[in-house]
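A short write-up of the structure that comes next.
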């Protein structure tokens, strides 16, 4: 694997995470428990789609065969996606959606913090631009997780169920492979495993405030960030997301 | 409108009804309340897809530009579909699915009975072949509607809700337009309006056995069989149904 | 009656009525109905557009659509706030929407069936809404007038974006152009209906005009919309959806075919293509969300109690 | 002990044990576990294939897939019937599946991710199942043996259809061929695991062999599968998913790499890619369907009561 090949994979991982999570969050539009949440979720989705344009735009440049961010988003099939499995699982109830958001935001905020000192100035610039948005996402999702975890009996139960369901998808964020080794060597991105300590400290604090119990299994599903084995859910998501581009190729929108 | 143009519209109406309803029913696969129902629903879906091959196959012939039944099923967009709105509404719970099936089967059985004497021998042959299957569908869906309508309080309530929800979609089956006038003139198919008496007698009998009350409104949604205004649901259905064909055009499967 | 005369005098003098001012019960009631209905329209209006968010064809279009729907939820929020100053809570109004006691704009009972509908909704529906709302920036009730200033500004932006989106379609491939034409054909008459029934059939009008809750007649506003929109359709190179459209030199306006008012009243009655599904979607969101609202409230109370205890 | 010896003698003589015959408690228990697990596998097995029914690329393929999934539900039905003759009800077994006390074949905890997986499942998974099941047509328990005869016949048909489907992919466009390769790569080792752990690690085996509930060892069957399948992969023009595959002249068999058994035990423990979603889907179907089962039962009782009253 050349450095550029690894760099491309890295960028796809970043951009596919924000793309797929942005899509999932956007599914809530008009269906939230309360108007303020409709607004907040639309805002989060909007930020994530904007971040996708940066990451996949750069991925297209690095790939160098003229593919735009839109081409990458709308014309790849499941196996070409490099997002972690966590972001593609269905929304479930509002609690699961917010718990997923929190578990992702926590990683995302730490990751972007590291990327701000990337040796690649383009990466550093994107991290700089997007980390403020993500800090706000994290603040909000953490507050909501605490509010619902430490709310009523029912809301507590649902949040614990959400955490139990999502926990096996957390580990993948910290798995390292040859791509990551190459990025570390180039000073472009940190080793994913190196983020775990800070991450654990952060979520332990918040989840304690939320009176929730972190499952003690360290088992982690894998296969998303390598593309080797996504969940069945991603294919269904793509049928929606990509239909128009597939049905009417070569149009300007 | 030439006779062939009208004939094509008529065939699309027949074939799109079975295609879209078959698709909806197939969504239940693996998720039914009881194993026998999983089998029965898969069987119904299978019959309907088989019937679609006949109707859309003939539609392709009549159209005469080389389109296969598959091309018609997988490469048209919402506005080109001619199914009634009833068959495209989401499944809802099992009760709504079976009520929809019953309301459609009753019409379908009567319609095919008439088509068996069509002046077009191909139409008559398809009606002949498929009417036995549909007689069985009707027997089954009627039995289930009676069993659930006259079951527990909850099952009664759900079936009445299903009927109330679906009732405004019944009228479209009996709406006549220029296409139908042309078919009547050619002796190919009956005037839809002429089926209503027999239909009402049939469903009144069954729904009385089911202890259900037919809403007294005669209001009927329209727009499916003309293609002028489908529901928002059809487009979502097509994203699933057509994705592979759209994503990998020109493949043999 | 003296109070009433003084109240009317203030309105005639162009003064704003504020929440704490005295006002006739009927004025209050009419405003709650009108502002509430407007707020509900913003909320329900998220659904037909939201229907395409997951299928938007480019990242840019998806972002624009998300931002628009977010703005609409925001409009709903400040309109509910304006109504709340009249002594009704948002939850009360929501319950009335959900059980059918309060209405929302009938236009949202029509489906969005192809991507170009999203452009058409921004251009025609928001366009019509602006024509309805611009005069309301001068309405007599202060909080409502101020909300309208902000709403109109954002709606104009949406209308321009909608026009840009449908223009891309009209100038695109033959299939795209066909979609654009289909959108305009389907949405034209429903858009005309947004101004309400013809003046001769319209209830509530006279008193509302005197109170400056309503500033123009339905037919005046409808004519304005037609006059403004017909040249835009021509600019897009699309066929006019109403063959009865004709420039009337004498009137200085376009003549147009009146919409089918029986359809309008049918939709109001609940028989529109999407009434049932729209209300079901809102009811589901509300019912499914109960545990969330309860949970957040319980937490807020615990926190407040802990704070008090600590003091 | 005398009874036990007589029982074993009947089995050794090749006689069939029937439901009303005496049998050891452990025989009954083992059979319930085995037949129940097999039945559950047919039911849960509907899910990965059902996942593609709404996306099947042609009407013909959709019909074939529907028919196959329908057959599987049918297999489930007669296997449950066979198990019921041993004194356990279908509902009891279902509850045990749903709360995790009973298992189903781990292969169904892997996802179907592209259309060619549907062909691969028919060809590899049903193919492996047949190799497991053909000997069971001679199993000692009569109802199970007879169920197996029917199941095997239909499974062979499915396996041929599956091969035909993946062949179309392997001989199709480059993208299709890539899908076929991807399917084989992903499903090869999970298919090998379908025969259970290596003989040396397998529990329950000896007694089951003596009772003719199990007819061959896991490794024998696995070798048979490899020997049969490797040439088929070559025929399809696909790369072998296991670089360790090599013809061993001496043994007269293909050598192959042992699957990663830690993965196998992980999946059994509940950590497979789809365990949670599969069980959630079955639980949801069961819970959502309660009112239907209750309603139909209530109606049947009313009808029976009316009939009795009329007599």
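Observations, loosely collected:
A, B, C and D are the chain letters, set down in written order, and residue numbers restart from 1 in every chain.
Definition applied: contacts are C-beta pairs under 8 Å (C-beta built on N, C-alpha and C of every residue); 3 or more make two chains touch, one makes a residue touch a chain.
In UniProt terms the chains read A, B = Phenylacetate-CoA oxygenase subunit PaaI.
Because the structure is a prediction, the values reported are computed rather than measured.
Between chain C and chain D, the least number of touching-chain steps is 2. Shared contact partners of chain B and chain D, listed by label: A. Chain A and chain B have centres, each the mean of its CA atoms, that are 42 Å apart. Chain B and chain C have Cα centroids lying 36 Å from one another. Taken residue by residue, chain D touches two or more other chains at 55, whereas all remaining positions touch fewer. The set of chain B residues that touch two or more partner chains comprises 77, 239-240, 243. Chain contact topology: the protein chains form a pattern that is neither a line, a ring, a star nor a complete graph.
A list of each chain pair in contact follows: A-B, A-C, A-D, B-C, B-D.
Residues 77, 236, 238-240, 242-243, 246-247 of chain A touch chain B in their complex. Residues of chain A that touch chain D in their complex: 77-79, 165, 168, 219, 221, 223, 228-232, 235, 239.
Chain D meets chain A in the complex at residues 48, 51, 55, 111-114, 182, 186, 266, 271, 273-274, 276-277.
Chain contact summary for the complex, chain D toward chain B: residues 43, 46-47, 50, 53-63, 66-67, 69-70, 73-74, 76-77, 80, 90, 115, 168-169, 172-173, 175-176, 281, 284-286, 288-300, 302. Residues 19, 23, 26-27, 29-39, 42-43, 45-46, 49-50, 52-53, 56, 69-70, 73-74, 93-95, 144, 146-148, 150-152, 154-156, 158, 240-241, 243-245, 248, 250-253 of chain B are the ones that touch chain D when the two sit in their complex.
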